[in-house]
Amino acid sequence: MGVVVQNCPRADPDAVAKIAEFGVATVHESQGRSGLLAPYMRPIYAGAHVAGTAVTVSVPPGDNWMIHVATEQCRERDILVVAPTSVCSDGYFGDLLATLLMTRGVAALVIDAGVRDVAELTRMGFPVWSKCVSAQGTVKETLGSVNVPIVCAGQSIEPGDIIVADDDGVVVVRRKELATVVEKAAQREAKEAKARYRYANGELGLDINDMRPRLAEKGLEYKDGSEPD
Amino acid sequence: MGVVVQNCPRADPDAVAKIAEFGVATVHESQGRSGLLAPYMRPIYAGAHVAGTAVTVSVPPGDNWMIHVATEQCRERDILVVAPTSVCSDGYFGDLLATLLMTRGVAALVIDAGVRDVAELTRMGFPVWSKCVSAQGTVKETLGSVNVPIVCAGQSIEPGDIIVADDDGVVVVRRKELATVVEKAAQREAKEAKARYRYANGELGLDINDMRPRLAEKGLEYKDGSEPD
Amino acid sequence: MGVVVQNCPRADPDAVAKIAEFGVATVHESQGRSGLLAPYMRPIYAGAHVAGTAVTVSVPPGDNWMIHVATEQCRERDILVVAPTSVCSDGYFGDLLATLLMTRGVAALVIDAGVRDVAELTRMGFPVWSKCVSAQGTVKETLGSVNVPIVCAGQSIEPGDIIVADDDGVVVVRRKELATVVEKAAQREAKEAKARYRYANGELGLDINDMRPRLAEKGLEYKDGSEPD
Amino acid sequence: MGVVVQNCPRADPDAVAKIAEFGVATVHESQGRSGLLAPYMRPIYAGAHVAGTAVTVSVPPGDNWMIHVATEQCRERDILVVAPTSVCSDGYFGDLLATLLMTRGVAALVIDAGVRDVAELTRMGFPVWSKCVSAQGTVKETLGSVNVPIVCAGQSIEPGDIIVADDDGVVVVRRKELATVVEKAAQREAKEAKARYRYANGELGLDINDMRPRLAEKGLEYKDGSEPD
Amino acid sequence: MGVVVQNCPRADPDAVAKIAEFGVATVHESQGRSGLLAPYMRPIYAGAHVAGTAVTVSVPPGDNWMIHVATEQCRERDILVVAPTSVCSDGYFGDLLATLLMTRGVAALVIDAGVRDVAELTRMGFPVWSKCVSAQGTVKETLGSVNVPIVCAGQSIEPGDIIVADDDGVVVVRRKELATVVEKAAQREAKEAKARYRYANGELGLDINDMRPRLAEKGLEYKDGSEPD
Amino acid sequence: MGVVVQNCPRADPDAVAKIAEFGVATVHESQGRSGLLAPYMRPIYAGAHVAGTAVTVSVPPGDNWMIHVATEQCRERDILVVAPTSVCSDGYFGDLLATLLMTRGVAALVIDAGVRDVAELTRMGFPVWSKCVSAQGTVKETLGSVNVPIVCAGQSIEPGDIIVADDDGVVVVRRKELATVVEKAAQREAKEAKARYRYANGELGLDINDMRPRLAEKGLEYKDGSEPD
C-alpha cells in the first residue's frame, strides 16, 4: 500500500482506436470469453462507447484520496479504473474530478463503487461505469496505490491493460494481446455481418450453422402439441 | 429434457390485440392479482408495451442452443419466454437472434437471465425484459426443451399463455382466461377513468371510496401536531 | 399504530426554495454527511430535482390504505415519504394517486417499496424515488400511521423534515437545521465554483488542496514503471 | 383467492417412506434434474431429512391467516408448503403453530418467507426450511388459498406433490412420478455406492467414466508448469 | 461527528433482567410490532439470548477507532450497538476487543457490519449479532461518535434504549417504555402458555380464536379435491 | 481454455504447516490486508481450519468436468480452488469427489459456486468453503482449465499460491511471500498475546495504544449525557 507507479506503458493508440470500433460483446468473444467485469457494472447514461489504457487505483473503503493522486498519472485516452479494498458503495467521484480528468483527455471512469453528480456528469458527457450511484462522500485519510494490479468487479486488471466499455458492460484486454484481439474481432464482425444478412432474410441459425444433425444425435425429440378440434 | 413441442395453440389474435391496450398493472389486477413476474425483470429501454403468445424455452445455465431451436417454432406476434434451469446471468441473446425473430414477426423476448447488444437492440426497436445485461456469451452443448411448462422469474408459464409487458414489468395470462381478463380489464379501465376525473378535480380516495367509516371502526385516531405559537 | 397527526409544521417556503437549488450531494456534505437515504432509492426517470416538507407514512406490508389517508394531510410543496413496517416490494402507488397529489401541489413521492404505472407517471411529470418498480397491487385492510417518525431506506425521518432528491438519490434535512444547511450549501457551492474553474484550467487537486506534504508524511512512494527499451 | 380444497389425494405412504431414504441431490438427479427449489431455502438447524405430501398455502404478504386455515387440512406425514403472493420476509410461523402441527403428525414446514421462535423449534425438533429468520409478526386480515397450485422459491408445486428436504435444500416430486423416481433413485444410489468404493480406492473419475478420449477430442492440452531448477 | 456523550442513563437493571426472560418475537409483539432490526442481523452462534442497555457507536466505513473510544463508556450489562455511516462489510471487531468488553461485563455486540475471530468469540461465549463475518481489518483514522442516535439495520436506536437479542434477531425497546413492555410481554407469555396447552391437545387456532365466522364473511370457500375412484 | 498445467511448484510444506497455525484474520493483517476472498465464502460446518497449496480450476457455468480433470493433478496437502467463468450457484461437488480427494490427501475445497451432499461432507470431515449450498447438478460438456490464474470470490489466485481458511473466511498468500508472512504473523500473534493479557486485566486500547492525544488533536469532544435528577 502507498505506492504510485509512474510512466507505465500505454497501449498503442492506433490499436486502441481500432478496438474502440467493436462492442464489448465482440471483444469478449474475440479473446475466448475472458475479461468481462461483473454485470452489476452499469453506465450512468445510455449510449457511451469507449476504449483506453487502464490507470488502476486501489482505494480504501470510503476514502478517495488516491483518486486525486491518480489524476496526475493520467494522460490522453486513459481510463481510470478504481477498486476499493473492501466492498463499498460510497460516491468516490463527482463533477469536479470529472472536470479535471476531461482537461487531461481521460476517456472514462470505471469504478467498483459509487459515483455522484450523475446529472452533471451526463450533461458534461463524461461516461462512467459504476456499481451504483450514491451521494455519500468519502474522506482523504488513508493511502492506497496507483498503477498496481487490482481486482475490479471480479476481473484482474493490470496498469496498461486496455478497457472497452459500452451499454453491455466493461471488458479488459491484456496489452500484449491487443493486436490479436483486434484482428479476431474484425474477423468475428465480418462473419457476423454475413450471418446478420442471412438472418434478416429469414434463415435460421439451425440451418446457417448446420445444427440439426448434432441436435438429433444428442436425442432432441419433436412432438406435436396441437389441440384436437 | 430435450423435447420440442410443435404447433402449440396460439391465443386468439383479436383478444391479444385487445389485451395489448391495457397496462401490466391493469391486467394483473383484472385477474385477481396473479401472474406477475418478479420485479427484477426490467425492460432494456423505456416505453415498450407488448402482448403476445408465449413460446417457452427451458435452457441449461450458460447454454443458448435451445433458443436457436425455439426460433423455428415462433410465429407472428409470439413472445419468446426463456428460463434457465439454474440461476444464470449470462447474455443468452443478442442482435443476431433479434434480427431473426423480427423477420418472423416475434414481438419481444422475456428472459430470466442476461441479454447483450442492448444498444443495437434499442436501435432496432426489439423490446426485451430481462434479469440483467451481460456480454458473457453462452455455449451450444446441452439440450433443453421448447414449449414445455417453465417457471420464469417466479411464475409458472405454459406454452400458449399470453404475456403482457410494459415499463411496470411482465404478467402472464392463462389462455383460457384471456377473454375474461380482457373484459374485466375494460371494466376496470372504465372505472379508473371515472376515478381519475374525480381525483383530477381534487376529490379524495377517502370520499370517493367511502373509507372514513371503516377507518374509524378500525380505530384510526386523529391528533393535532401543530406547534404552539 | 393507527394515528394521524394533523397540522404538522412545514418548513419555511423560502428556505425550501433555496435548498432546492442545491443537489443532494451538496446538501449531504453541508450537514456533515448525514441524512442520506440508501443508494437503492432511485428515480423512476432521470432529471427530476425537488425539495419539500416530508409528510411521513408508516404502512403495513402490501397495504396502501394509509396513503389514501395521508393524501388529505398533504399541502402544496409537500413530499410524501412512505416506509413499510417490514421489507416489501409491492407497487403501493400509481397514476391515480399521483393525479390526486398533483392537484394538491405535492412535489414528489419517496417510497421504500415499489411503484407502478411508471410510464404514465413519467408522462405526467410526477417524480418518484423508490426501491423498485412493481405492478403488484396492495390491499386496504390494516391501519398504519401518518406523520409519525419513520425509518425510510436507513434514515430516521420526522414529519416536517425537509427532503431533497435528484438523480444522486434522496437526503433528509432536519427542519431546525434548514437555515444553517442552506447557508453552508451556498458557501460550499461558491467554493466548488472556484475549484471547478481551477480544475478546468488543468490544475490538480493535489496542488489546489496542498495534499503533497501530507501524502509524503503518510509514506506515499513513487516508483518508475516504464519498460526498458 | 379465498379457496380451500379439501381431501386432496396423498402420495402412497410406502413410496413416501422409500423416497425419504434418499437425499435431495439424489432425488433431483433421478427426475432429470428438475424440481429443485432455489438454494436460498435453508434449514433452521442442520441434520433434518424429511419427505411428505405437500399441503400448499398461498398467503398475502405479511398475513398468516391462511396457515391457520391450512392446519385443519393437514394429516400425518404431510408437509406444509407456504408461498406469499409477493416477496416477503416476515415471520409467518412460530412455536405455537408448530405445536399444533406436531400433534397432527405433520413432518415439516417449507416457506418462501421467514419463521420465528427458531430456538424453540430446534428444541422441539420441528424442521423448517425457509428463506430467512424474522421475528416480524403478521396480521390475519386477508384471504389466501389452501391446496391450490403455487410457485414456491422458483418451483411450481401442486397439492399432493411430494416434498423431500435435507441439508442440501428442498426438491418437489410430482405424485404420478413418485414410483419412477424412487426406482431411479435406488438405481442411482447403487451405482454411486460402487463408484464410491472405487473412488475410495484411489481411482479417478477420469478412468472410471472413461473421460480421457472425449477430453482429448475436445482439444484439452496438457502443459508442464514445473519451475526450472 | 466526533462527539462522545458520557454518563448516559441506563435502564433499570431489574427491568432489564425481566425483559431478558422473553424472546425477541414476544418483545416485538408486546410493543406493537415495532423496533425489530432487519433480518440480515444474525448471531455468530446459536443459542445466545441477552438483554442490556445500548451504548451506540456511529463509525466511518472501514474504521473502528470509535469502538475503542466506546469501550471506556461501557458498563456492566451494556450492549454495544455499532452502525457505519455508509454500507460496510469489514470486520470491525475481534477477540481482543471482546476480551476487553468481557472484563467490563458487557453482554454482547450488535453491529450492522462484519466481525472476525468468530471461532474464538464462540469459544469465549461472547455473543455477537452482525450483518456478516469478514476477516477484513479496519483503520483508525477518522472520528465518529459515541452515544448519539443512530440507525442500525433499519431501526433508530438512542443511547439508553434496551436491546434484546436471540436466535430470532434483535429488537430495540425505548427506555421509557420498558416497564410497559415487560408487563405486556408477561401477559402475552401467559396467554401463549394457555394457547400452547390447547394446541398441544389438538385444538385448532380456527376454534381457539373463533376465526370461522370472519373467514366465512370474507368469502372463504371450501371445495372438494378428492379424486374420483 | 482447455489447458491443464502439470507439476506446478508447491509451497514449502514446513512453511504451510506453520501458516496453518494462524487464523485467516492474522494472515490477512500480516500481508498488509490483502488477499481476502469475499465474505460470502462460508464454511459448510463450523470449526475447520486448513492451509495448503492452491490447485486452481476455471470451470464453465454449470459444468464440473474440469474438477474431474483437476483431481489427477492434486497431491497431499493441496487445496482445490474452483471459479466459474460466469456467476453460478450450481452444486459442482459432492461426496463422491470428496471421497476421491481425501484418498489423495487433499485438505479442502474452496469454490465460488455451490456444493451438495453437505450432511455427508460434514460427517466425512471434508471441509468446504463455498458461495452456497445447492443440490443442482452440473453437466460434463465443455472444457475449462486447470492450474491457470483465476479470480475466485474477488481475488486473483495463481496455481501454487497458499490458501488459508477458517471460520472467518478464506485468504490467499503468494508463494514467494509465504516465509515473510509466516514471520510477520508470528510477530503479530506475539504482540496480540501481550495485548490480550492487558485487555484481560481491564486496560483500554485507548491507553495501551496511546490513542488519546491523537483523538484530541482530531477534535473529539466529550459531553455529559446524564439526566438531571
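Going by the order they are written in, the chains are A, B, C, D, E and F; count residues from 1 in each one.
FYI, contacts are C-beta pairs under 8 Å (C-beta built on N, C-alpha and C of every residue); 3 or more make two chains touch, one makes a residue touch a chain.
As the structure is a computational prediction, the values presented were derived from the model and not from experiment.
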item: Chains contacting each of chain A and chain C, listed by label; value: B, E
item: Chain B and chain E: spacing of chain centres that average the CA atoms, whole Å; value: 40
item: Chain centre separation in whole Å, for chain C relative to chain B (CA means); value: 30
item: Residues of chain D engaged with two or more neighbouring chains; value: 33, 36, 39, 85-87, 89, 134, 136, 142
item: In contact (per the touch rule at the top): chain pairs; value: A-B, A-C, A-E, A-F, B-C, B-D, B-F, C-D, C-E, D-E, D-F, E-F
item: Residue numbers on chain D that touch chain E, as the complex places them; value: 2-9, 45, 65, 68-69, 71-72, 89, 91, 94-97, 99-100, 103-104, 114, 116-120, 122, 132-137, 140, 142-143, 147, 159
item: Residues of chain A touching chain B in the complex; value: 23-25, 28-29, 33, 36, 39-40, 42, 46-47, 49, 166-169, 171, 192, 195-196, 199-206, 209, 211, 215, 218-227
item: Chain A-touching residues of chain E, taken from the complex the two chains share; value: 60-63, 85-90, 134, 136, 139, 141-142
item: Parts of chain C lying in touch with chain E, wherever the complex brings them together; value: 1, 32-34, 36, 38-39, 85-87, 149, 151, 154-156
